[in-house]
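Following: one structure in structure tokens, then a few remarks.
For clarity, chains are labelled A, B, C, D, E and F in written order, and residue numbers in each chain start from 1.
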Amino acid sequence: MKTVVIRNIKRADAAVVKRLGALGTSTVHEAYGRAGLMKPYLRPAWAGGEAAGTAVTVLVHPGDNWMIHVAVEQCQAGDILVVGCSADNTDGMFGDLLATSLMARGVKGLVIDAGCRDVKSLREMGFPVWSKAISAKGTVKATLGAVNIPVVCAGINVEPGDAVVADDDGVVVIRKKDAAEVAAKAEKRHADEEGKRKQLAAGKLGLDMYNMREPLAKAGLVYIDEPPSD
Amino acid sequence: MKTVVIRNIKRADAAVVKRLGALGTSTVHEAYGRAGLMKPYLRPAWAGGEAAGTAVTVLVHPGDNWMIHVAVEQCQAGDILVVGCSADNTDGMFGDLLATSLMARGVKGLVIDAGCRDVKSLREMGFPVWSKAISAKGTVKATLGAVNIPVVCAGINVEPGDAVVADDDGVVVIRKKDAAEVAAKAEKRHADEEGKRKQLAAGKLGLDMYNMREPLAKAGLVYIDEPPSD
Amino acid sequence: MKTVVIRNIKRADAAVVKRLGALGTSTVHEAYGRAGLMKPYLRPAWAGGEAAGTAVTVLVHPGDNWMIHVAVEQCQAGDILVVGCSADNTDGMFGDLLATSLMARGVKGLVIDAGCRDVKSLREMGFPVWSKAISAKGTVKATLGAVNIPVVCAGINVEPGDAVVADDDGVVVIRKKDAAEVAAKAEKRHADEEGKRKQLAAGKLGLDMYNMREPLAKAGLVYIDEPPSD
Amino acid sequence: MKTVVIRNIKRADAAVVKRLGALGTSTVHEAYGRAGLMKPYLRPAWAGGEAAGTAVTVLVHPGDNWMIHVAVEQCQAGDILVVGCSADNTDGMFGDLLATSLMARGVKGLVIDAGCRDVKSLREMGFPVWSKAISAKGTVKATLGAVNIPVVCAGINVEPGDAVVADDDGVVVIRKKDAAEVAAKAEKRHADEEGKRKQLAAGKLGLDMYNMREPLAKAGLVYIDEPPSD
Amino acid sequence: MKTVVIRNIKRADAAVVKRLGALGTSTVHEAYGRAGLMKPYLRPAWAGGEAAGTAVTVLVHPGDNWMIHVAVEQCQAGDILVVGCSADNTDGMFGDLLATSLMARGVKGLVIDAGCRDVKSLREMGFPVWSKAISAKGTVKATLGAVNIPVVCAGINVEPGDAVVADDDGVVVIRKKDAAEVAAKAEKRHADEEGKRKQLAAGKLGLDMYNMREPLAKAGLVYIDEPPSD
Amino acid sequence: MKTVVIRNIKRADAAVVKRLGALGTSTVHEAYGRAGLMKPYLRPAWAGGEAAGTAVTVLVHPGDNWMIHVAVEQCQAGDILVVGCSADNTDGMFGDLLATSLMARGVKGLVIDAGCRDVKSLREMGFPVWSKAISAKGTVKATLGAVNIPVVCAGINVEPGDAVVADDDGVVVIRKKDAAEVAAKAEKRHADEEGKRKQLAAGKLGLDMYNMREPLAKAGLVYIDEPPSD
């Protein structure tokens, strides 16, 4: 692992990221071919938070948040800080002071494969965090990691500048080169869903709307009535 | 496993199910001899939701929600859809479109031993879901399962038509043949609890109210004062 | 294990405990040399609850809450009941009746290394609980444990009378002999944080505020610009 | 839950059970339509043990093994004792004394959704156990459960007399009414596998042997050569 | 937390520890009133290892094994090194070099609430380790902990000099002041078990040997024959 | 996600991979700057297996092993098959037939972020597997994934052709461009360890051998004798 900070990274287009954020994680993830979704053990520190931004990545080690302090300087307005850890760890590496610093720079949120703390303050500040745990456990500042190298966070390899969309359903990451195409597909998907929602609300069955009856029968599905006895 | 859909199942009596729902999971579970409770890893997708209904059961496979679409057609007003999975899986098999379809049919809620998504919408729609995970992860429609066969969901064997009661404390299942008797016992228990609550609020000790002092002494409990030193 | 109830325990000073409670778990934990924090699998049964008090300790066995009933009598105003269990267990050992009894005695909250139930009622009553699980599962009253012996709860050894502070970030325990010193340190830390927060909000970097640049360079951190290609 | 012991249960045919045991869990599970497999958190207490038998079922409660003692009397030669627990529990409910008693009756093994102990002795005695945990933790004898009612064990609903096959790959349960048909299918599958194994050992590809190339192409799979750069 | 090394600790009597070791964890744990057992997530790094000794305790932090190096010097012949960690961590804090050093001092084994590595070498050296994980993950030497203060390890509070017994069933800790009494009780229990084993092997039922039939009937257990239909 | 098979990948140098394999995971991981180690939940299916090879990567979906069959054709002598899954899954995706096929091609082992089965046969065949679970659970062949794209497996991003070293301590991955440098460093580290081992075996303390006493004192470590009372 190189103990390095990479500056001046290329970022996904801000307008595209904004469009992705308007669509939400489920739609974007589907439009991306069902790729890019972090594992569901990452949960919002407070319900209802939403964020879309470009990734500044950090690699930290268990029990040590030094590199998060280093990473703040590399963040700019519209970014989301994404923290991977070299081993499973639940320590509270991030709290309201770091959130204050990130908000001062226009950062949209934090995604961390470890713990966070000061949850009540984060909610009051409106700074959204997705983390593996909530823990008051403090951390040291003793070991170097890296900023803006690719990091695996909750099962997804994140490259600096990638688009990140996060809400109550989780966190999805789109490579910066794919962002525009995915946004277009997701918008189409979103538009289609509105029509489907109306049909379903009117009582139409998905079986009919999606034309599933024939493939189900071909696959061998049979319908029977409950046996009279029992 | 039979890849089958069973129609025209017998359901627990709707009036009884309503009475059970008014009592809540803890009281019903106690009245049922402390049986029928699903494992506590099933959690409400949003806090405060409550539901009582008759089970329509579905067996799905990991990463595949095809049979949930099939099951919708078998649901009627007053049902709760109960989904078991053939292996541990956290994928988001259920979202707001399926919820729209179920609400159009008068279904009361969903219990799924896998993941759900669109949590924000589900909360806004007021459709309650109990699941193992929240995940935007999409699923395929490729493999048959079954509808209305007995399924194990979160540690409980659920038969089609069983009464299901769910709230913030979890999900409890009562065999349809036992539902009326359990409702009666639970109502009695609930009535008794009100009197106990008043006594406890007035400062009476459970030790006295439940006559525990004698059995505790018989079991060998001793009271001592803290040693002066140390 | 001695099946004993110890009465007349010594408690941490009530005024000191109140000061600790005003500071919150993260600040107190840091001031205590990053010690005393329970494992983060303990979570508040409802968000936003806060409590500070002196520990009355209970040791129970899986599936059995008899000793909690015994412990209630040993509680007085300003206490927090702390329950350890001799093996991992998620049963709902505590509900609204026990909470009613504890509130009647002025108890501030419950910390339990097992499950609780009646979450909706607990929230409405305003009685805060930190637990390992939420479960309607009922328990028997058959096996003796102990009250006011040292118990390990969620990874921390708690002695009767210790100061306990709990909020959305977790639960921290301070030995009664250390409470006054920790309160003083935590207050100083809290005061210092306000100044730091203002500087960070104004855009000052933690790297500069904490003088991290020199130690980072000494440790070998290098800054490079993103390579042009890739 | 009924606190009852049911005697004189019907058992799957002993000769059929023996044939199932000779085939192993993977083959039997496949032949059963990929049904009946317990969750993989059940592991052999010692590697290499194998067992096939008819289920005598027990329902116990956390921390209490009283009903296992009751169940021993209901076991006969060729049985496997299957223990479900009303809540997650890792206590060592079973050890070498109970194993001695079961071996004296000709019982083939134990499957328990809780813990076992005396692992070294069990291995030396050659009594195979599949459990959720290994733990020296002792249990009380205070609360009734049931013997020979249907119990859910590690995600599978087991009925008394069902056929149980267990080896290093896990535990599979076959309804007694299905056992003969499954044995026949499994034997056919086993025979087919030998031919396949030889072809694969000789270098034939599964892609060709299973005729997968066409369906893969239809599904849209494309082959490309690695790009020269990168 | 005090960053301190305490020297010249008092140890449980070596002869008593040896007697405890001869009895094994299950018997000792039962004789100790079912107390002192570490959580079953601690597992032997290699099967069949056994150890009994006096505890030298270490508190480390996640990702950092510096204090283990410090602790080695405090170990003497007949000790077992017991390592607690301030937060959940699976890093490989201990390997064959540290084991070589401990063996040179006559240390009997290691119990660590974190990870170990070099498992193959440890097995070949015959140095037994009980750990939470096996992981090649390396650790830093940057943060002070403590040696020979009480530490919580896998749910048990261990004091320096306590007796530790470990085998395939887990790890049990006995306070040094209780060790002689527990050894005597455990020996009596062990002697009694031999007689029981013979009776059970001869076919006597535990129901009769333990006189359980009357208390079972009193508790309400009923025996019925399986209903003819079904 | 592209549903693609990439052929003719570049592989790390075979001679270098062999050297890495001779050193073992812990030494290689340390020499790589403590990078590249998969999470410790991946465990060997049978103890004592060792493998070193070049990665052929596969992305599968939960419950579906179709792409593993596709990947076999892309394997050549000296490879290790590395399987990532788009969501947590424990199904037995790999067994002795696939192992037979891989062995026929000279493949050294399998690393899979899901389950495997036929463990007894794998051990007898001497084909080493590192997996997340052992499960007889069968899988379907219905959904496309990809072969030889970068995949995250157990927390590590693996690129096709990377060097993989696996043993009882886990699985470590080295980028092909870094392999030669890491091998050289690891060999030096290994040589150094022999000298250290001899000194430690002779009774020299790590405190002295690593010159830790001064930095420990600087960090504030104090030594005290146990207080006489207590």
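A few remarks follow.
Here is the rule we go by: a contact is a pair of C-beta atoms (placed from the backbone, for glycine too) under 8 Å apart; a residue touches a chain by one contact, two chains touch by 3 or more.
Since we're looking at a predicted model, the values are computed, not measured.
Least step count on the touch graph, subunit C to subunit F: 2. The chains in contact with subunit B as well as with subunit E are A, C, D, F. Looking across A-F, C-D or C-E, the pair that copies the B-F interface, with over half of its contact pairs the same by residue number, is C-D.
For the self-contact between subunit C and subunit E, the two sides draw on mostly identical residue numbers; the shared fraction is above half.
Measuring from the averaged C-alpha position of subunit A to that of subunit E gives a distance of 41 Å. For the pair subunit D and subunit E, the distance between mean C-alpha positions equals 30 Å. Annotation for subunit B: residues 34, 37, 86-88, 90, 135, 137, 143 touch two or more other chains. Of all possible chain pairings, those that touch are A-B, A-C, A-E, A-F, B-C, B-D, B-F, C-D, C-E, D-E, D-F, E-F. Of all residues in subunit C, those touching subunit E in their complex are 1-3, 32-35, 37, 39, 86-88, 150, 152, 155-157.
Chain contact summary for the complex, subunit F toward subunit D: residues 3-10, 46, 66, 69-70, 72-73, 90, 92, 95-98, 100-101, 103-105, 115, 117-120, 133-138, 141, 143-144, 148, 160.
For subunit A in complex with subunit E, the residues that touch the partner chain are 61-64, 86-91, 135, 137, 140, 142-143.
Residues of subunit E touching subunit D in their complex: 25-26, 29-30, 34, 37, 40, 43, 47-48, 167-170, 172, 193, 196-197, 200-203, 205-207, 210, 212, 216, 219-226.
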